[in-house]
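Note that chain A is present in both complexes that follow, paired respectively with chain B and with chain C.
Our next item is the complex of A and B:
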């Protein structure tokens, strides 16, 4: 018994040591970013790891060089609209794939999943030509459109829908609800933790999205925060202090969304593997 | 359900502001908000004084981002939303000119190129036509700490005509006397190799743009120097750009050999004022070797699909090819050294800098600028460069230069085909 207890204690030490290292690895970049926002560029380069006094200076540089309200509005607008549309369209598709049987369902579904394997870089030029033909270059619609039917989110909703009780649907039918009413009035409220998890995933992906907005947005007043930060960091001698202010500000919304919906996120993730 | 979705989508769409490009405006893409962007805006303001209708819209992206966008735009053939003027790094110039023929407007009919540093003109020439408005130069210098070198027994006069062998000897003395390494060096970066190679008129490509690795005397001599630097341990290892900059701004090493654009960074440490000097970079001992080279730099290009092409060319020509005062202003405000040789006649270029002990460093750099050997940067400079960088560390463990060159050649051959 004693040797068993020792063994157990030893293994929990190993586990906690491992978790500790992992936690440090995830927290360190964040800490470094926050500290960097208070230091001058040359201190950041020297690797100074304590808080400095340049927060105000860095913030002034950032806000004079960047039209922050407009840029954040662009990012917020794109992210919120894309997230709402993605959740609506992709959850509908996921629900449909699971609930309604048809002869081609599985083939279609497999085909859709295959698109996950095409790297975005390969789609970029055709997509850009398409947007050019539609006259949507340099518009925010062009950023939103390609994300709204997300194969991954459809997959995620289909998997989660497997846990949606058929009895509920049958009962709703008996009560005379139409199909669209079942979806909006029964399915959506029941699956809210799934929606919450998907919301976080889509929100973060769109908020942080980089390559496609970069390619399709052409002017200073349509740019998103990720593009602006990237441009600030590209210089013969970049002002890393100002860059850090930008990254801190850009991180806040995702942090906020995550903490606000953390509980539902975990529930949603658990739900999908039931 | 469909109606609701459609209603939501419509509500979303109405929030979008559609920004269409305006025809009367010149749009410029470039990187670096404090340098290229600020300088281009300055140029626009000067031009607007004599051309009241002129409107300039400078859009800034990171360099890699801009290249990504330019590549996508040109490859897809969608002219929509493309700029009128774009900044391209000199190393990539031939790649764009050759990969997208007719996408850039030749400027040789409009611009007098005789006033520019010849190497800047040569790198943007294709089939006897010149496509660029030469902009900032990366003319190189050997920046050294006067205090440390004099402590080791070397005065500025001793440093004006060095060879790389002499440089390494000095480095050993400096370390012995001061405890500081001579330079910070990142074995995974081939910048120094390129500097040394171009100083002898060589490049990864020959004059006709063909890959030239084996049998390239300048490259071989450059790698021999790199091997000596690595094996004689005269350097403080640097991991990446920031660490490299930190080494010389932080006073850990006695010198730095790089492009003139580093001047602002060197000067960012006011407490070191008066302690720095510049000298020509050391020279190889092969035929064609000089004390002058280049690292980086970029030039402006006009897209031939531009609706305002003529205006864009006139703008570039009036300011960048003629306005000496403009070059004084960007030198003082931004530390930018342009490629127009006449700029040296201005006040700012003649002034002396107390940070460098009162030396007229801009006159000096301007002299060197006119003497940088012209080379053909070819179409795959960045690709071959990464191969060279990957093989450089092998030089430290005694692999012979010939073997390393052979390995580089094999790998580069497959890349450029």
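Our next item is the complex of A and C:
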């Protein structure tokens, strides 16, 4: 059986090589970003792959061109408010759709899922006009409002609610808890890994969102970090050194959230596909 | 449960049900349903800025005589037809290799491959742009490896510009789709694989005839979401070409002009023409509807 063993060993080498290359290519741009933050723009566009001494210079350029504390505060405020509201409203709806029977339930649910197929480009102009009528252009409320009701997150919560043990609900009802108490006191703590996974998804979507903020935030003091990086980075000859500082700073929060909640994220994802 | 208690409980459930789903439905109606109907209405109007009047079929007539629209449509289709199959195949292969519980460094590799999707579309596009410059990192590496003799004109040639964008999008989203496949694979009974392996079914056949059919619902889900995403491609092309901030063509020969970028330009950069922009946006609506339907149909056919 030596030939069988050799073949096995060969195929496991191929597997490790393939996955190793995939992992390396996935990580590499992060490394490139950190190295780039320490190099001058002319070194970056030459493809220099070692740490340089221009970190301070790049940081100085970035912080003089951009009012970084304000921009970060804008991004953080929008992201935290939108994430909390999205989780609350979408989980209420996902739970409601799964638990409470009513005549129109499935029809409404299907209609809601169909909104997933609406491309944002078809909403952009009417939304812009609507926000104009409401006097919300250049406000962060205008960024938050359209993101809060997410059909995708509602779908995700309904799928996950199928795994919520109904014995718990029945017991809580026997104890005389009201429906909203069951939701807030029992469902939410039990489903925390579902919430964690949804938190990661929504947090990243909002923190990284670009097109709608680009449309609705036109004054410089309301802009988010993503908008600032885009305007610095899409120039014909960008100052890459300074832009790298921006991309590092913009990536730290999402990396932090991901690593802080990674375990629950995987559990939550598993729960939703069952 | 007795008939009496059931009768007593049902109406209360209904009120509660509406309270739970009400806020979400109200928001979706206001910020999704109403705008999408409004833009359908606008697509029949012509005029500049807010001064619109009913124009009947004028916008549709203009659409069929607009070379820029056809360029955008062609580019969007190239991105969709090449990128989605490449990415999903790669994600599926990676997931099935990572699904082996005996694999060493399994968690580490899974995390590494998932990591690209924490980056913002704008930030990673800037990173890719800086790696693909004329005498930059990628060309240097390719020349040193002897793969090419002279640097590839990533930024000035339409074909290579599209290739770079496809590489970038694939980098960003492969790990994301892989996670869905991995999650679904956890539910497949391993003994099925063991039985097939003992019966001498080769690895590729196990992948094709066991893994793929059992993952069909998830594959369908990722195909539909990736299709919707690619048809709406905006952030990457806007950042790579500067199309989101400065004037001029979107990439060499408008090779990176997608439908969404064209709609944005029509609305906010050229003389603002909301009516015509709404017409173009409905092209995406119709494409998404047709392609999603075809994908559902194809998935159902093969099952029978």
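Quick note on the criterion: the second predicted complex is superposed on the first by the 264 of 274 C-alpha atoms of A that agree within 3 Å, B and C clash if a C-alpha of one lies under 4 Å from a C-alpha of the other, contacts with A are read in each partner's own complex, and residues count from 1 in each chain.
Everything that follows uses one rule, which is that contacts are C-beta pairs under 8 Å (C-beta built on N, C-alpha and C of every residue); 3 or more make two chains touch, one makes a residue touch a chain.
None of these values were measured; they are calculated from a predicted model.
Colleague: Overlaying on chain A: chain B and chain C, fit or clash?
Modeller: Partners clash after overlay.
Colleague: Once the shared chain is lined up, is A:46 touching chain B (first), chain C (second), both, or neither of them?
Modeller: Both partners.
Colleague: Now for A:193: first (chain B), second (chain C), both, or neither, which partner does it touch?
Modeller: After superposition on chain A, A:193 lies in contact with neither partner.
Colleague: Which partner does A:243 reach: the first (chain B), the second (chain C), both, or neither?
Modeller: In the superposed model, A:243 contacts chain C only, not chain B.
Colleague: Applying the touch criterion given at the start, work out whether A:222 contacts chain B, chain C, both or neither, answering first, second, both or neither.
Modeller: In the superposition, A:222 touches chain B alone.
Colleague: By the touch definition at the top of the document, which applies to A:235: first (chain B), second (chain C), both, or neither?
Modeller: Touch partners of A:235: chain B and chain C.
Colleague: A:58 in the overlay: touching chain B, chain C, both, or neither? Say first, second, both or neither.
Modeller: Neither partner.
Colleague: Between chain B (first) and chain C (second), which does A:89 come into contact with in this model arrangement: first, second, both, or neither?
Modeller: Both partners, chain B and chain C.
Colleague: Let me test your reading of the model: by the given contact rule, A:101 touches which partner, first (chain B), second (chain C), both or neither?
Modeller: The second partner, chain C, only.
Colleague: More residues of chain A are touched by which partner: chain B or chain C?
Modeller: Looking at chain A, the partner in contact with more of its residues is C.
Colleague: Check the residue A:118 against both partner chains and state whether it touches chain B (first), chain C (second), both, or neither.
Modeller: Once the two structures are laid over each other on A, A:118 reaches chain C alone.
Colleague: Common interface residues of chain A with chain B and chain C?
Modeller: The overlap between the chain B and chain C interfaces on chain A comprises residues 44-47, 89, 92, 124-126, 128-129, 179-180, 183, 211, 214-215, 230-231, 233-236.
Colleague: Considering only the defined contacts, which chain C positions touch chain A in the complex?
Modeller: Listed in rising order, the residues are 12-14, 16-21, 23-28, 31-36, 38-39, 42, 50, 90, 93-94, 97-98, 100, 103-104, 108-109, 111-131, 133-141, 171, 174-175, 179-180, 183-184, 186-187, 203, 218, 228, 231-232, 234-235, 238-246, 259-260, 263-264, 267-268, 274, 277-278, 280-282, 284-285, 288-289, 292.
Colleague: So in the complex, which bits of chain B are touching chain A?
Modeller: My answer: residues 1-2, 4-5, 8-9, 12-13, 15-21, 27, 31-35, 57-65, 68-69, 72-73, 75-78, 80-83, 242-243, 245-246, 249-250, 261-262, 264-265, 268-269.
Colleague: Could you pull out which chain A residues touch chain B in their complex?
Modeller: It is residues 42, 44-47, 65, 77, 81, 84-85, 88-89, 92, 124-126, 128-129, 131-132, 135, 137-141, 144, 179-180, 183-184, 211, 214-215, 218-222, 227, 230-237, 239 of chain A that touch chain B.
Colleague: Inside the complex, what are the residues of chain A that reach chain C?
Modeller: Of all residues in chain A, those touching chain C are 11, 15-16, 18-20, 22-27, 29-30, 32-33, 36, 44-47, 49, 89-90, 92-93, 95-97, 99-102, 105, 108, 112, 115-130, 145-146, 148-149, 151, 154, 179-180, 183, 204, 207-208, 210-211, 214-215, 226, 229-231, 233-236, 238, 240, 243-244, 246-247, 250-251, 254-255, 257-258, 262, 266, 269-270, 272-274.
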